[in-house]
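Everything on this sheet refers to the single structure shown next.
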């Protein structure tokens, strides 16, 4: 099938192709547009700046929205060439994906700005949603989300324990401080707010205990806070670690397959390199693993048994359809 | 033995049976009741809301307590069918377990509410204890408790070191600031409170040092605080890690047993899957471990020695009563 | 050599002997005395309590000091029986050890109290030093100190980086805020204090930036603070982990030695148990390691080669002077 | 080539040679000069001290700058002997390296002090840059930088997620609090500052939410802050861990090479020791690894097959050009 302009557009917008300089440039422009737009929205909210650089902010807003609109248009137009939306109503189905809806929300504010006279302050905030478009580019987030998903059980238990602790400390501080400071610990919600701010070790200082028992409670909750921070850190550290070890082990398999009974030719080296990159193994680690395989090989694979009667070698063959090294002779 | 209504009730309330939709539903209702009740208690403590939605809060309280009471009644009634309480006085023995006492405390407040006119504020807090009923559902907590128990020695040492550090910094800040701020650092207890709030990096700001030496001390304690947070995080991370590795290794044994000299049949696959779920091994890890076992197998189990005299293979048998693979022939 | 009363005293005070109930009791009393004394000193500093319970605090002080004095006396008296202080001047040499000096300092305050009329406030703090006597009992601290010592290089680098960061942020905030708040950022020392309190995420709020650039700096330093906490946590976690793995591996060696070619007799089981306790290996881990050794054994040690010509087994012997299993026959 | 005075100077200044006492002394003096100078600059900024000890501060400044100037001069003079700057313009090329520029900046302030009358306050800060000279001595930083570089992808993703979270929470708190506190949440920049200070758990307390929704947001952001701290800690812990494991494995290879079929002679022991130090392996770990290699050896290398026909041993040889142990005989 010959690539049409539409299919080429679809491919270009779908993701970055690091081989093509044009693709990299397009995505660089799109990413910069988002950042420039969000930064401009933030500074536009400062009244002094908004008054002074009114035209600049307006220009940035219009240009960015134009780029977003063109991008959105091209994405909708080229949707039929996306294999995920093949068949009927492909454009409508694309337009209803969360990503496409975010793209649409990102360009709507300007129309409200043109055609209505309602207060724009709230809409300014909506424009910050454009940052969500960035999730399209994040590849490292995948690893983090995977780890989160794998450890969901432990995270859930930790969150439940945290919730219980917060509710109990709220109840306790309410009993301790309600009499002394009825305006600050007036109800359990206030007490809960204080518990969270203390347990998270933020400690604004707008609400502080004054009774001895309240201070004792604050001390206990603060020290618990230290332990609480440790829980997700411990879970994440061990989960990342397990993932890293899994990848290392995966690379070891691939490398063992490639190396078993073979010389380290250029082709083998190339294959190993591609596995290494795919699994995110560092150069030193890869070197170390290959050394390791060779050492094991030396002990098991390269050993040659010789019969003392006839001094002839006992051939050692690995009967495996996938990896058949030539029989070794002494 | 035919299951009676009582034994079925006991089984239903004992724990969630994920296969039965009715069991899941019952436990979902019971869990929601606890959460709704606790949330309602918290909001009921806000005077403005309590006055306005008096009837709603009262209705929630009555319905929830009714559900708790029915649950408690059924649990006591069906206690004789619980194998843990077989024999005489099974109901009484059940009623004296911590769980049953919590359940009882959870339904008591409403009677006080009906029959007495004492101030209810304190009782409101007692109702928060119902959250403790949740520990019944937490399975992930087990892992965390196990890890804590295993590392008790190191946690103990860290806590002792922390206590010493707190007492010494309290003494030092007392000497430094007592003269300058006799109202804020009036005694060692005040100084200890400040030490905890600073070391835990909460830092309310209600008590701050003003003398140069006091500020120096605050700096040292703050920086120590950074290190202190690291200690439990480090212990937990390595403990979780060790547990994860142990489970991986456990799975490896089970898988080796299952796979040794066998084809990967549906039955073997099913057994492996059940081991995997039980030990909480992820799909990728399981795949990686099985690959690993096969690689080792290939090096050790599948190797065929050929005799140089007749060029016929030397059979390799694994003499093991548990796993007898068919003798391999070339 | 017959144990004299003096040598028995020395042995008793030297360390806890968990087999002897008397030894455990003595050390329990000594430990409680320290804790009671320190707690009493802290509460004695609260004026209201000191006035009211004057006699109680005085009694506790006198009794505790008496116990400390008797302990110190017995330790000095029995020092010649301590193998570390054999030879001449053994008592004097013992008295000059840090531990003995701490013990001496712990009993001195009471004499000052009796014989002088100087202000006792400062001396009260000195009494807190008695907590240092506790280091005698801490065995878990050893592991932590070992890990710290092993990772000294990385901790040193992290500390140096932290110091640089603090100095630079102090310089930057001084430039940013000195004009606006000359009273709060009057010199680099003030700026350094603020930097530490911010970077350690304590954030008292007594000194806060007011200029836009100052606020920007505060944001950057705060976010850096998040990363800074992560560094010691990461180092500690990996160091603890390495130590745990080392111990696991150590246990594996010991177990392999014990198990190689032997049946799991009661004597072997007892030896394994003692290794397990010494290295702090949990029951599950020990089980898992032993399973592992057996699996490897099965693959390597139990395999029997049979010659196809004569169907006789090829004997497999492990030529090792330490572990000579009986030759295996089919 | 005979070492000239210039080449010796270059070598001396290039790095510490722990064998030569003179080299250690020189670098100790240079390092102390930096620390003394920075500490003096900090204390000099305290007006009371600056007035009183004017002469001392001036003397320290002049002496330190003199030492810096001499060091800079010698470095420039000996640059042609540095292999990195061989060829033409070696001195100029050296002078343009970042390190040399820092050295130059470190000595410039004094000339401004002598020849100009501009306000010196700002220049005082510049002198703090001398601390950068320290990066020359930091060897432990290398490990940390390597780990950072290896995990750049995950750190990048975490930073992007953090930035998104900050922008969204800024937008949300702006909507919640702008009406109630227009002076504190006047624009998105103020809201962003608050978000950072809260998420980093610094919590100064200069800007706090007052509306119920604002307090709810603050609670959510604070609790998120706990998780955020965990992310870099987890990444760092697992990265350090992977590096440690890699080094252990590297040491294992080296040790296997050295030990295979050899007696543990003094020469082998010396080589192992040097590998151990280079890779930062602790004594206990090294011991454990060597034990491990011997155990494996015993199972694989020392096994002797005996032929059933003649009952004579089948020799086992490891055919390896690098490590040829003597053939083993029974």
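A, B, C and D label the chains in the order they appear, each numbered from 1.
Following the convention adopted for this analysis, a residue touches a chain if its C-beta (ideal position, glycine included) is under 8 Å from a C-beta of that chain, and two chains touch if they have at least 3 such contacts.
Everything quoted here is computed from the prediction, not taken from an experiment.
> Chains in contact with chain A and with chain B: which ones?
Both-contact set = C, D.
> Please decide if copies chain C and chain D contact each other with the same set of residue positions, more than half shared, or with different positions, and reply same or different.
Different: fewer than half of the residue numbers at the chain C-chain D interface appear in both copies.
> Tell me which has more C-beta contacts between its two chains, A-D or B-D.
Spelling it out, more C-beta pairs touch across A-D than across the other pair.
> What angle of turn lays chain B on top of chain C when you fit their CA atoms, given in steps of 5 degrees?
The superposition gives an angle of 90 degrees.
> For chain A and chain D, let me know how many angstrom lie between their CA-based centres, rounded off.
26
> Distance-wise, how many Å sit between the C-alpha centres of chain B and chain D, to the nearest whole number?
37
> What are the residues of chain B that contact at least two other chains?
Only 189, 192, 201-205, 229-230, 233-235, 237-239, 241, 300, 305, 307 qualify.
> What residues of chain A sit close enough to touch chain D in their complex?
It is residues 38, 41-43, 45-47, 121-122, 124-125, 128, 131-132, 134, 138-141, 143-144, 162, 189, 192-193, 196-197, 200-206, 228-229, 232-233, 235-241, 243-245, 248, 280, 282, 284-285, 288-289, 291-292, 295, 298-300, 302-309, 314, 328, 330 of chain A that touch chain D.
> Provide the residue numbers of chain A that touch chain C in the complex, in ascending order.
Result: residues 201-205, 230, 233-234, 237, 241 of chain A touch chain C.
> If we count contacts the way the header does, which residues on chain C are in touch with chain D in the complex?
150, 153-154, 156-158, 160-161, 163-164, 167-168, 170-172, 174-175, 178, 186-189, 192, 198, 201-205, 208, 212, 215, 218-219, 222-223, 225-227, 229-231, 233-235, 237-239, 241-242, 246, 249-250, 252-253, 256-257, 296, 300-301, 305, 307, 310, 312-320, 323
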